[in-house]
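A short write-up of the structure that comes next.
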Amino acid sequence: MQTEKVITAKNLSKKFGHFVAVDHISFEVNKGEIFGFLGANGAGKTTAMRMLCGLSMPSSGEATVAGFDVYKQTEQIKKNIGYMSQRFSLYEDLTIGENIRFYAGIYGLTDKQIREKSDSLLKELNMQEHKKTLVRELPLGWKQKLAFSIAIVHDPAIVFLDEPTGGVDPITRREFWNLIYEASSNGITVFVTTHYMDEAEYCHRVSIMVDGRIDALGAPASLKKDHAAKTMDEVFLQLARKAVRSE
Amino acid sequence: MKQFLIFVKKEWLHIWRDSRTLFILVWMPIVQIVLYGFALTNEVKNSTIAIFDQSKDAATTAISNEISASRYFKLVKNVHSYKEIEATFKQGKIRMAIVFPNNFSNDLLHSNHAQVQLIADASDPNTANTLTNYASSIISDYQQRLNNEQQLPYAINTQLRMLYNPELKGAYNFVPGVMALVLMLVCAMMTSIAIVKEKEMGTMEVILVSPLKPFLIIIAKTIPYLLVSVLNIASILLLSVYVLGVPITGNLWLLIWESILFTVTSLSVGILISNSAKTQQVAMFTSLMSLFLPTLLFSGFLFPVENMPLPLQVISNIVPAKWYYIIVKAVMIKGLGFSYVWKETLVLVGMTLLLLIISIRKFKTRLA
Amino acid sequence: MRTLKILLQKELRQILRDPAIIRILFIIPTIQLLVLPFAADYEIKNIDLGVVDHDHSAYSRKLVDKIVSSGYFRLKDYSASYQQGLDAIKKEKTDILLEIPPQFERSLVKEKEATLFIAANAINGVKAGLGSAYIQGIIHDYNQEVRMQWLQIPRFNSQPVIEVTSSDWYNPNMNYKVFMVPGILVMLVTMIGSTFAASNIVREKEIGTIEQINVSPIQKAQFILGKLIPFWLIALMVLTTGLIIARLVYGIVPVGHYLTIYAFASIYLLAVLGLGLLLSTYAQTQQQSMLVSFFITMIFNLMSGLYTPIESMPEWAKIIARLNPVSYFIEVMRLVMLKGSSLADIKYHIVAILGFAVFFNTWAVLNYRKRSG
């Protein structure tokens, strides 16, 4: 099958002084794929993701996102990606509607598009009545789902999610993943970091990072087979035990 | 007690690890004391003037020369019309203009009477007054010399003694004031922001569920700032003496203890502010508006309290810096002992206790 | 352009939604403008006088009466000895001490000469200087009166006399408020504008929303402008409130044009806000940015010529004052409001402040990085 590569990384590295946060990682992500980026805390997941988003300058190596170079073409990359950070990223003192309008607006959507988008988005999240509610007043799970929907409000080619489900209950996590699947079926490539191993099972392909390197990469089923494990949890534990550094 | 010490250590680490804040805390007072100590002065000197000399004779030239040679004046322009004087004033270039009419020398020699006009920019009334005084006395000195120093009979002479500050240096007045200002700001603002920061970050809740008493939590938060302040007091005093040339004529230990007392008062103000503020921004603004300006205005070092309307004079009494300023002036510059400042000291002690009691009452162990 | 509009909408909403904002932006400055000018009255009057009269003669009593009735002095203390009189100065009860020696009247009349002693608390040099000048002036007048009693003064001057007349332009009533109100207004506008601007970008850093902005295709200049314009508008509103108060409460009507003030203020605010934003691109926490901006604002205010004249400062401090945008606005405000200066009169001020505005804002845009190193 001929697949389009939307993210490529080759020997991508990031050093902070003597500390090598990301150590020569190479991988490719296909269009429409849900690509899981697994690793213990401090394994270098977030740093790697921030380099791909143009938030952090790589120390060496090559990478392209949506066909653009991460060194020189970050502004073009930014037009084609959505991002949801680990820290909650909506304005608490704005309403749901105002947040949608703001984020859609800075990606250049017209007023008409914004209106349509926010209607469909609110409907999907079942939040129609809450358009004028301040984000501050929402429960965490709602905020996370809203943040995700807003991250893809401009229909990016790729959306980067940095531990999007931290601190939410299993039901909300399930709902969150339904949103991810839907985005994926609409052709959006999803790049997600997580340390929930059950979530890893939901991904098309996962890579497992240990000490800044990618130690395993493949579909969950084949990884389990390679490591003779029943669950992704076991795969992860086998690899993670080799880790030298912890948080 | 052990818990308490752990807590103090944690606060200390907060300050110590945040190198930028520590840098500011230590350097801010030093920079300020040097900067303001030298620069804040209302001594009038080098005031810019213009001269409109319509006679251009020996007498006017002599007077002009004497005026421009004095350290109070700096001649920047010779003008040729009243219109030009006005234009120069409007560009903000001069503070005063001196006008000599036609035939000045002639009038002086033949009719024994000549006129000179001083036009002062009275937008700043004090400077205008002082400049007029200085210029008049230079002119009258000149006249005296013309008259060969003839002493008139029935003369009342005056002998003037300028106490404590014979050279009328600005620093003697401003340094104690700046000390009050700097200590107040560092202590009160830093503590209030530090406490509110914990509220904002959510770590306050964790502390509140600990078995430590609220009173001890407050004390623990302030002790590291007290230590930093003692360091600041030392550096401020050293700078005053060795850099600004304002001597400590009184008892050094008395001065230090009074300063520590004032620091504690300021810390209490900070705690009180932090109780009512929810965000760092609000704490900052409250400190700025309720501390910086009142300290500047009501402590008496910039503006005389006795000129203010009665309500403001009453208000000035609740500004701790006013009392500290009086104490520092008395101990440091006049060299007086405790017997002269016990009342002011008592006021500061009373304020501190009151502030602490209110703070502890208001300190909510349950966040709303 | 559209992105800018969206950014502005968001900023204005956030600012207006904060319940503390109206209080901080309008009520506090209003109160301050109503109170501060009454406090910032530096007119030298009400000098507290102590007298030690060893003579107790008609002459000495008449002299003291004359001094007290001048209006500058308040008789606060009557001591029996110089030591006691000095003690009153130590206790801040009096500012100036006049000692009339024993036999004052006798020596004046018999020996045609007498000496008085004056001691002033010179910690505050200006007060001591003006106070002693006033008291010496009064003694001089008194001296003339005494001479008139004893001497026949000739109708024509036997000796050359230079008569000094003085006029006080621009503020003939010597009203200190006219001088202070424009300056205080500048200070308030500056403090509010710069502190707000300084904490703003850092706040987005702390909350984390800045990341979301950084991964978007927003241009840096747009982002900075989006932050700048709302605060610019707010500061102009504060200025307007202040000018209204100055007019209604203090009766200060600018001799020059309001337009001149606004024209200068709009450039000035760009400079001050640009500085605030610049600081906030450097700081990592709100505490840092607020402290630094506060520190700088304080230096700016105290070294702006608002409280003490810039000419009196040492040369190096004058250079600092010239590098301080606030000093320009205070000067301009006083020039326009009191002397009626026009735009042409303040052209150098305008050029300087324009320079500051371009400098700070360019630096802020350059230093705001969407990507870390």
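Going in written order, the chains are labelled A, B and C, and every chain counts its residues from 1.
The rule we apply is simple: contacts are C-beta pairs under 8 Å (C-beta built on N, C-alpha and C of every residue); 3 or more make two chains touch, one makes a residue touch a chain.
All values reported here derive from a predicted model rather than from experimental measurement.
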Most remote chain, CA-based centroid, reference being chain C: A
More contacts between chains, B-C or A-C: B-C
Approximate Å spacing (C-alpha centroids) for the pair chain A, chain C: 56
Mean-CA-position distance for chain C and chain B (Å): 12
Interface residues, chain B side, partner chain C - complex: 18, 20-21, 24, 28, 31-32, 35-36, 38-48, 74, 87, 89-92, 95, 108-109, 112-130, 132-133, 135-136, 139-140, 142-143, 146-147, 150, 152-166, 168-170, 172-173, 185, 189-190, 193-194, 197, 280-282, 284-285, 288-289, 292-293, 297-298, 302-304, 306-309, 312, 326, 329-330, 333-334, 336, 340
Chain C - residues contacting chain B, complex: 20, 24, 28, 32, 35-36, 38-46, 48, 86, 89-92, 108, 112-130, 132-133, 136, 139, 142-143, 146-147, 150-151, 156-172, 174-176, 178-179, 191, 195, 199, 203, 283-288, 290-292, 294-295, 298-299, 302-303, 307-309, 311-314, 317, 320-321, 331, 334-335, 338-342, 345-346, 348
Residues of chain C that touch chain A when the two form their complex: 2-3, 5-7, 9-10, 13-14, 17-18, 207-209, 211-218, 370-373
Chain C-touching residues of chain A, taken from the complex the two chains share: 50, 53-57, 74-75, 78-79, 81-83, 85, 87-94, 98, 101-103, 105-108, 160
